[in-house]
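We call the chains A, B, C, D and E, going by the order they appear; numbering starts again at 1 in every chain.
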Amino acid sequence: MTTLADQPVTASNESFKLSMLLNDTRYRSLTFQFIALVAIIAFMAFVGGNLVRNLTEAGLNISYAFLGEPSGYDINQRPIEYDSQSSHGRAAVVGLLNTLIVAFLACVTATIFGVIAGVLRLSNNWIVSKLMSFYVEIFRNVPVLIWILIIFSVMINVAPSPRDFRGDDAVASMWLFDSIAVTNRGVYLPKPVMGDGSMIVLAVFALSVIGIFAFRNYARKQLFDHGRMVPVFWPSIGLFFIPAILTQFVLGNPITLSYPSLQGFNFRGGITILGSLIALWFALAIYTGAFIAENVRAGIQAISKGQTEAAAALGLRPNRIMSLVVLPQALRVIIPPLISQYLNITKNSSLAIAVGYMDVTGTLGGITLLQTGRAIETILLLMAFYLTVSLLISFFMNVFNNRMKLQER
Amino acid sequence: ATLDEVKARGTLNCGVTTGVPGFAEPDANGVWQGFDVAVCRAVAAAVLSDPNAVEFVPTTGKTRFTALASGEIDMLARNTTWTFSRDVDLKFEFTGVNYYDGQGFMAPKDLGVTSAKELDGATVCIQTGTTTELNLADFFRANGISYEPVPIETGAEAVQQYNAGACDVYTTDASALAAQRANFEDPAAHVIMPEIISKEPLGPLVRHGDNEWADIVRWTLNALITAEELGVTSANLNELAAGSDNPEINRLLGTEGDLGGMLGLDADWAERAIGVAGNYGEIFEKNIGESTPIGLARGLNAQWTDGGLLYSPPFR
Amino acid sequence: MAEAAQMQVSDEVAITIQNMNKWYGTFHVLRDIDLTVQRGERIVICGPSGSGKSTLIRCINALEEHQAGSIEVDGTLLSSDLKNIDKIRSEVGMCFQHFNLFPHLTILENCTLAPIWVRKTPKKEAEETAMHFLEKVKIPDQASKYPGQLSGGQQQRVAIARSLCMRPRIMLFDEPTSALDPEMIKEVLDTMIELAEEGMTMLCVTHEMGFARQVANRVIFMDAGQIVEQNEPEAFFNNPQSDRTKLFLSQILGH
Amino acid sequence: MAEAAQMQVSDEVAITIQNMNKWYGTFHVLRDIDLTVQRGERIVICGPSGSGKSTLIRCINALEEHQAGSIEVDGTLLSSDLKNIDKIRSEVGMCFQHFNLFPHLTILENCTLAPIWVRKTPKKEAEETAMHFLEKVKIPDQASKYPGQLSGGQQQRVAIARSLCMRPRIMLFDEPTSALDPEMIKEVLDTMIELAEEGMTMLCVTHEMGFARQVANRVIFMDAGQIVEQNEPEAFFNNPQSDRTKLFLSQILGH
Amino acid sequence: MSDTQAQTVAFVRETEIPPSPPPIREAGAVKWVRENLFSGWFNTIMTLVALYIILRIVIGVFPWFFNGVWDAGSIRECRDILEGATGACFAVLVDRWDHLLFGFNYPQDAYWRPTLAFVLLILAAVPALFYMYVPSKFLIGTALYPFLAYWLLWGGTLWLPIAVLAAIILTGVVFRLVESMTVSTRTIVAGIVGLVAGVGLAYLLYLGAKELWFISTSIGTGGAFAGLMSLVFKAFSIFTYVFFIPMGIFVGYAIYQSASDGGLVTLVTSLLAIALMMLYAVGPVSGVLNGIIPIELAAVESRQMGGFMLCMMLGAVCVSLSIPLGIVLALGRQSSMPLIKGVCIVFIEFVRGVPLITLLFVANVMLAYFFPPGSGLDLFLRVVIMITMFSAAYIAEVIRGGLAALPKGQYEAADSLGLNYAQATRLIILPQALKISIPGIVNVAVGLFKDTTLVSVISMFDIVGMIRGPIQQSTDWISIYWEPYLFAATCFFIVCYSISQYSQWLERQLQTDHH
């Protein structure tokens, strides 16, 4: 029946009366919104007018010209090229990248800490579960700023300084056949130097990584098609290392390592991971890990006992119950709060300056602000940056939530 | 105008740091003490006849300029370096220099470094705040050597790092270096290097455009300096205020001429200012001098007559 | 119908429980349970709430440990040996009161999960079996939906199909209809009757007396953790021996 | 009994629905509904699931908007004018399938809430009225309990009492018994019969045919958003006219 | 049916089997250790690792802790006493105890006031926290507490908080009065109120329009963006010029019109009443009363507050302010009106997206520019505004969860009983939604309390600010590090841990509660 009657009719030919603006459900909400709009504009007028007047009175103007001027200061961690002659704008970008670096590292590590602690908290080993509760409670209930300060200080006092490596009676020594130096200024790792043919080794390595995925797929297919269980873990490990190492050996060591060594005041050569980065990274990770541990625990406990029992009654073994039944469901519960924790890490990384790590709050919102005195401009930029990051993260979270929504009637 | 506001309010709002040993710090009773603080008190005594009529407003490096610009404070007396852009671009008025500082380096003796120029590749702890990072960058750049900066917010944290060996050298204003070193467990194990890589004239500042107020602050500071030059001390102040043979002392202390009236104050404004804690030299000795735990020598801050830079324009 | 069903009872023993006792802490839930179930027998267990019915059948597939006595299923002694537990569980299907379907998997995946991972059945084969049993419980067209999209009766039938996919020799039902409305109860009972007619060994906790009369070989009445009375349905309902049973039946039938 | 009840129907019109149409998006749920209800009439609405029964009675009480046609309740035209909506809602009581009691308030508070806040009745008076109606539905002793502490049947009766406290002239019931078990159904139906005997105008969506026979003046059968047939109960059940009705009745009575 | 089978099957128990105690396999302690610590190789390894970690920590910290010096005047004296041994210098806590707790600036003879306020806070919190056990009349004490606490902390005349309280109570009376008026009386009130509100609004809007024009003329110089902004503001200004009179008339008329149902009139009258009283009555009345019967404490300015007390104050004030704001935001976000919903979403997402420390910078360096020149809001107030906004956004999200958890039937039932939006929200929806949200709100509160330490970055002397500023930078305690931080951590741990334990307890209570 595709008659006119299949479409809703909206026409209403009552005559309009002023009181309908208030009493008629159709106009009422429009009226309220109009009033709200006027109120917002009035508020803007108040705030904006004061701002303009105050700025004129102080003889200030809003200008972002300073971003193009040379910054004049150095930054200890430079993901992109930068020196003291670069502009403030570039310094801001360096800081921004530094923020993202530490936030990313801390997110990954916090997740690992959190998952381990959350699972161990449910362990039936009394001492371990109590230790984890202790960890969670002590970190959750003390401000993160204090933790950052304390952890940083512990690290610089516990790790040896480069001085301790010096001399014949050195108190400290490098790890793993003199290839890694752990100092309170940072960790120095060997850096690969690409010789001839190293591309082949890399290619083999890349292929073997792809191979691992292929192998896993194959194993799954074997199970699904022929009901044969192929072991996956050890072959994967082998596949990861053996082909690349063999090629390296066969081609006569095209990739060599340049080891860090103590030269002058510091270790040089190799890859440096700054101490302040490590401290902030670790502090944020261990602090947020405590919160994530709670989320993980709650997520696992949210899966009703019935699910485990049903799986057990079907004959599934405990590790399979975990991976096939409990975890897939628990993840739905765990991931949304997990993402908020990631947001928190990003925001808390703005405390970086307490350990001397030059994140965006340290460069743009710190030295640049200090040198140029452009408080309003820099703070607006800062807010815009953090806002963008969190909106992006929230966006991904919503996408995830929608995809993972349980099908219901 | 600021003067009227201050008088009407009955207190002087003076911006200070959140704490620099010897320069500005609240003691165990919460009373602000220190070298910068003394300037505030002197101004308060000159204007309001009461050295305690000061509301100390602690500011950080980031907040100090807005606090002054927005009128939250009447004057800023904290370690703020007098630079061109602050004076001109940020629209402030520096009213003089109460401490000639310069950025220096400190290193452990066993590092075997005697000059800052040997610091190629060193890790440097910088206490951020004023112009330190810029000076450092300029110095190393000018000498064509490299370094690893470690910016740190507070002196306490810098000392933590420095003592744990997380940095080879520690740089900040020489006065602060000396103060920190004096309180190390073994002060003798550390050397302050001869190079002073920057000029850091530290002084009080006020907002641009209110010249009457700027004059009051400027000449109060000058009164303290001149008093030392002329030998006016807290001990002989009362005696000299009754009149002396030196016409300049008389003009300073208001027994001759009407300098106070020109400032919009009364005749014995300077006497009150000096009466708070004595002249510049006395203030120096009491707060940061060699007899204190801070233990600073006069150095550049000696009177010009003693080979220093302190040179107050004449009271005439 | 009861006569017809009885025909298929064989002389082989499926489950032997001897002198089994269980405690929760110091609370004695099951006392001296002795029970032998023949292959193909269909047993209905009833009794007041809290009498230990659920606990009993949960002990049979090792969801709970018992502390004394022995349980033997298909000749395998239930001990704390994991191998035996696995063996028993793959032979005993269980159907819970609250279905306990896996909400993150489709109906088909619910049904093929255990065959693939426990029995290592090839996926294709597992899916065929699953569809077979889904047809049996009359919901093959729901196979690709998620549990949350089905009605209660349908969910319960999926739960039955899921256990059947493991081709168990013995099925345990724990009040399979008590969460359902009358219309759905009928659907589920029909499915169970069909199973019964095929000669499946069944232990079923239920208060559906109609079902008991129609299907069971034996009705067991439990109270306070003990088996108080057991008999053939006709005899049990028409001529209960123990006073406790009489009281219980008067309540349940009068309702 | 049906005759006795019929006595009280007056000639005044309580509800007039003319040519009413409603859409959800583009889905046409109600089509050309015409219905006149006299004061004191008791109407039972039945029909297959999804036929729009709930939607119809929710429109009468403005819980849903209709897009075409008119609904007039007690002489007040239901339009988007809030005043009219308020007026109608205070004259029409509604009783939901899932009770929708306010769990954070006691039974007494549930019943006095609307009289106090909407009718501005003094609290004391409102409580007296509430107790009166709670007595009427035979649960005066539960007045100070919370809804969570009552059984389903008791909750449903509280829901009825709650709407009665507003002294509505018209009561709408949406499957008031379908969430209940048989014993509780009886409790609720008894209460409704009592109300009917007092001459309350009632529209009731239900499949309880016993209730329809005993109480209704008229039975309305809906399908696919249309009123397919309406008649007096005897005639409706014994001699349905439309094929659709016959089919429906055969299912529902055969069950 | 064969007879034999019938016989084997029939079974009737003749005697009851008595319950017996469970079999005992192993003795208590040994069994416990075996089951909980060494029940498998994995468990055994974990136990050993855990024990090793604990041991290391204890060995590392023990001497430092127990060599602690408690009595010294400065860090130098401490060192002399220790003579090179490892040991803490807890003397700093003794020496600066008052500063750590109250800040260095709070008058020493008035320490009893915050202490008393703290004790009273605990007493006042009890009826709210344990509402299920404490008779609800004790909540009156909780409601009175803020006024008393204000007086204790800030000093001044007691009559001021009393006058404010009186104004609030009076407003309540006005509310009741207008609500219970007959329609004809209310029409008169509505007329007057409508006139006042209409004229007042029109005037405010007129000022706003002028202001907007002023903005547009003063930003329109540099560059395309500024030009565009200038145009936008011009448009706004014209919009407001066009609408200020109609708007005033309309709002006045609307208030007048709503006399019959009374909701709007009542609300506007009460708002008007409280605004007028706050502006014109509270100050003079309290002044006069204080003139007659002076009850005064020495006034303390908020910039003199500091130490842990400042954290507690900020925490308590901001949490209690942000709950109502959070409720409004949550309701706004659930609103069906796109504009209002949009504004709430933008606000919430904006505030949640920015670190608190940046917001605090805003409070410190920017907020002053947004107020009329010279109005000089004090820093404490600015910080309170920012933290309140911050936590309100989080609380709004928690409450939104609670609102979403309510079944739709509750809204429908309220509608069908004829309750209007305000009544339904206040009587039906919020009580239930808030109850669900309590644990979440408590979590936000704990987080907020911890975040109060961030005010140290804008030169306020909370406990961390106190340590990083005046203590570590004093001549006596120069660069002392561990001891004060340890103390601060302990303070926070005690408070936060108690709150989170409370929250868990409450969660359990709510679970077992009738629903």
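Quick notes
The working rule: a contact is a pair of C-beta atoms (placed from the backbone, for glycine too) under 8 Å apart; a residue touches a chain by one contact, two chains touch by 3 or more.
Just so we're clear, the structure is a prediction, and the values are computed from it rather than from any experiment.
Chains that touch both chain B and chain D are the following: A, E. In this entry, chain C maps onto chain D through a rotation of 165 degrees when their C-alpha atoms are superposed, rounded to the nearest 5. Distance from chain C peaks, on a Cα-centroid basis, for B. Averaging Cα coordinates per chain and for the whole protein, the chain whose average falls nearest the overall one is E.
Comparing the centres of all chains, each the average of its CA atoms, the largest separation from chain D belongs to B.
Here D-E and A-C were compared by C-beta pairs in contact; the pair with more is A-C. With centres defined as mean CA coordinates, chain B is found 44 Å away from chain A. In this assembly, the C-alpha centroid of chain A lies 56 Å from the C-alpha centroid of chain D. Averaged C-alpha coordinates give centres for chain B and chain E that are 41 Å from one another.
Each of the following residues of chain D touches two or more other chains: 83.
In chain A, 23, 54, 149, 153, 375 are the positions where the chain touches two or more neighbouring chains simultaneously.
Residue positions 62, 66, 70, 153, 160 of chain B each touch two or more of the other chains. Across the complex, chain B is touched by residues 54, 58-60, 72-76, 84-85, 149, 153, 156-157, 160-164, 184-185, 263-266, 268, 275-276, 353-354, 356, 358, 362, 366-367, 369-371, 373, 375 of chain A. On chain A, the positions that touch chain D within their shared complex are 5-10, 14, 20, 23-26, 28.
Of all residues in chain C, only 61, 63, 86, 89-90, 92-94, 96, 98, 100-104, 113-114, 116-125, 145-146, 148-150, 162-163, 166 touch chain A in the complex they form.
Across the complex, chain E meets chain C through its residues 1, 6, 9-13, 16-17, 19-23.
Considering their complex, residues 180, 260-261, 407, 409-410, 412-413, 415-420, 423, 427-428, 431-432, 435, 514-515 of chain E touch chain D.
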